[in-house]
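After this come two complexes, each holding chain A, first together with chain B and then together with chain C.
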Partner chain A sequence: MNIVHEASSGTNESGDARITVSPNPSGGLSLELRGPSVARYGDDIRAAALSTLGSLGVTDATVSITEKGALDATIRARLAAACGRAADVGVTPWEAFK
Partner chain B sequence: MSRNAIGRDIPDMAPGFGTLRGYGGAFGTADSRLAATSRRPGAKVLASLDAALDAVGVRSGMTISFHHHFREGDLVVNMVVEALARRGVRDLVLAPSSLTYVHEKLIDRVKDGTIRRIRTSGLRGKLADAISAGLMDEPVLIHSHGGRARAMDGGELVVDVAFIGVPICDPMGNATGSLGASACGSLGYAMVDARVAAKVVMLTEEIAPYPLMPASIRQDYVDVIVKVDSVGDPAGIGKGATRMTRDPRELLIARTAAQAIAAAGIIREGFSLQTGSGGASLAAVRFIRELMLERGVKASFALGGITSQLVQLLEEGLVGTLLDVQSFDADAARSMAVNANHREVDASYYANPGLAGCAVDALDVVVLSAMEIDLELNVNVITGSDGVIRGASGGHCDTASGAALTVVVTPLLRGRLPSVMDSVTNVITPGGSVDLLVTDRGIAVNPARGDLLDALVAARLPVRDIAWLKRLAESYTGAPRPVEFDDRIVGLVEYRDGTIIDTIRRPKGLRA
Partner chain C sequence: MKLRRTMLYVPGNAPAMLRDAHIYGPDSVLFDLEDAVSPREKDAARHLVFQALRNYDYGGVERVVRINGLDTPYGLEDIAAVVSGGADVIRLPKTDSPEDIIAVERAVEAAERRFGRKPGSTALMAAIESARGILAAREIAAASPRLVAIAIGAEDFVTDLHTTRSPDGIELLAARSLLVMAARAAGIMAIDTVFTGVDDEEGFVREARLAKQLGFDGKSVIHPSQIVLAHGVWTPTPEELAKARRVVAAAADAEAKGSGVISLDGKMIDKPIVERALRVMALAGEVEA
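Right after this comes the complex of A and B.
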């Protein structure tokens, strides 16, 4: 999946996350994460995000996640939606997720 | 033998009385507290804060105290500390009953050496962040409300000057928190300061004709009075009525808590209660009220931070007396002024474990909140999930220790963070004083309370093992990573009896 412009998904509501995906001019993946769960669950959220990007075949992107207590499933769904929008892919390839 | 001021011969000694001092004139007693000045009303009213600081002689190294009855509206702490900083006073020990978000200016006064040490019930906002990151050379001492009163009345915490902000007082220093533009209700914490401090400076917005009665702070404790433009911002002191939560999860927890309290046999004629001011703890009042109406029973008293919901119980005749150490909203402040059975009590009466009796020991039930609780039922209400200070000890451990039944209420998950964990970040209240944990997914009972377990099971309430609750939470969230700390101790947590129950360390990577 090729990220061609900036796009977002999600909300700032409790239990959700707001995720913005944009092209990364210097190539590779750059992940920024902030929110109230980071101290305890930052590693888990990063791992969920990276595995989602891997499943979607996203190799070059800047990803910004502001979480408000989202569980991993929410992180995966919001990130997949944001990537789909940022890559102008109409239908998210959900079958890529195990 | 010597002749006194009216010409009578007085012996130098008398058997059993030692040396005698001859009368020196109607206004001539040199040891009277304000001998040099008139004692008429108004004589202790000074023109400015600086004049007051001159009069009481605040010097470097002294311990100064404040109250937090103006909560997030407080203007007094910053005003006084800034004035002392301008005068070049250093190394102060700051001993307020608590501090809030509005006190971040103190960061600069720690940095410039005006403040050396802080003892407080709570810390929040940027000041708390900075202290967690190692701002201070000496650790902050976190005390409970009862523990502070114990330290003060017991002489362990010696206050050189108490600065007491009030909305209104008379020219002799009789003051109330119930009237005036910045009315805050009870002055329960400040009453102890007034009693024990070597000097008392009263800062007031308004001066009423003498005598202002009933007085929360008495004239005989007040050395000087200063009229200031404002002691508090009413918007931060308290809203009209504390709002009851409408969050269905909080209401579920509150209802379950009330049912558990009923099952424990507490809701009977003449019982007594205390609840917190927020979330499920406050909402429990609503369901306890319904059970009281259903059973036709009344409570003898409600204690603590008083809210509009407890005032409603008083005015409906469902509770006999409110004992108010701190009024949480304007409804409570108004009620104390008009309801004879809404009584102001000081912090020692409320919770001091060092004297011969305090009101928490008469409580049948207390409902308390928790940020974290562990498998041993230890409760944290001082540090957040990142290990940074953002809370207050308050009366948590005092009431837990005193009440016959201590109920802790919390949602099992806050966002992604489980409330139940292997070991809490910091302990304010020891698990030994907690009887029940009520969550939205079940109730855990202290194993030492087999009687409670039987009663709750008989009432078909959802009793669960606390380890089961923890596993359930982690089945959604995964196991939380422990916060890592370095060796720097930024805070000491004092239990109500003066012993140290825990230390607060600096989270790894934080720097002041």
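Right after this comes the complex of A and C.
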């Protein structure tokens, strides 16, 4: 999945996350995490994000995650939706998610 | 018997509610991708529901997803996400004809093949919300072996009928009755519409009692507080249950004696009375229906 412009998904409500995905001109993946759970669960959130990006074949992107106590499944869902929007892809390869 | 006394609506785009939906004890949770989700959030809700189906343990509570119709840009992708996620039941809104069900059935079959899911493992439910749909309820209910229930959606229906909902529901009487008869003729369940007055417990219970009396198996609910009220209506009282046990015991006794006549307390018990008693015991979870 090729990220062609900036797009976001999610909210700032409790139990949710707001995720913005944009093209990364220098290539590769750049991940920025913010939120109350990052200190304790930052590694888990990072792993969920990287696994989702891997499933979608996103190799070059800047990802900004602001979470408000979101569970991994919510991080995955919000990130996948943001990637679909940022890549202008309307059909999701559901079988790619493990 | 799978009970469907309550089916709790959960907006598909509300992550915290998707996680917690089952803790209130509904018989089924109903994740909504249709009217509860704005067009620009359809994709996001689909991802949330997919992840919820994949990752959360709902403790055996049936997971139903209301998809968008196949006449919208969202319906096919909804089916892909929901079948891939492993939903128990897909609920189709605004069903007007058996062809609507057949089209969804074909799409679900294709999705089950695509995602390697067991053929036939995704059940269907049809919500009927128009005069045309109610008049075709018999054919709709029999349109697919995957169908486990048909439901009435009252808000769209009364609009189609050029009327409004009233407290006694007189405008829905014929439609509700036709829907129950169509469900019974096809051997599937009938689910009543939502009651939107979340704070009106008395009104909810009155409507639930009416639905039960008409033959409905349960009700779609929009707030956790309605669950215990509906279960109170559909669960047999201790007296009803005690009487049902005695009827069934008398029938078993008569059968053991090789007698064709069943009597209890000096009264003859007909076969329909035994059937009703068995149903009361099934509602109480004591026997298979």
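Just so we're on the same page, the second predicted complex is superposed on the first by the 98 of 98 C-alpha atoms of A that agree within 3 Å, B and C clash if a C-alpha of one lies under 4 Å from a C-alpha of the other, contacts with A are read in each partner's own complex, and residues count from 1 in each chain.
Just so it is clear, a contact is a pair of C-beta atoms (placed from the backbone, for glycine too) under 8 Å apart; a residue touches a chain by one contact, two chains touch by 3 or more.
Every value quoted in this text rests on a predicted model; they were computed, and no experiment measured them.
Partners chain B and chain C, once the complexes are superposed on chain A, both fit on it without clashing.
Looking at the shared chain after the overlay, A:R85 reaches chain C, while chain B stays out of its contact range.
In the superposition on chain A, A:A39 makes contact with chain B only, not with chain C.
Counting the residues of chain A that each partner touches, chain B and chain C differ, and the larger count belongs to C.
Once chain A of one complex is fitted onto chain A of the other, the partner contacts of A:S14 extend to both chain B and chain C. When the two structures are aligned on the shared chain, A:L71 is found in touch with chain B and with chain C.
The least CA distance from chain B to chain C in the superposed model is 8 Å. Taken together, the two structures place residues 14-15, 70-72 of chain A in contact with chain B in one case and with chain C in the other. Residues 9-10, 13-16, 70-74, 76-78, 80-81, 84-85, 90-92, 94-95, 97 of chain A touch chain C in their complex. Chain C contributes residues 15-16, 19, 43-44, 46-48, 50-52, 54-56, 77, 80-81, 84-85, 114-115 to its touches with chain A in the complex.
On chain A, the positions that touch chain B within their shared complex are 14-15, 36-44, 67-72. For chain B in complex with chain A, the touching residues are 385-387, 413-417, 476-478, 480-481, 483, 507.
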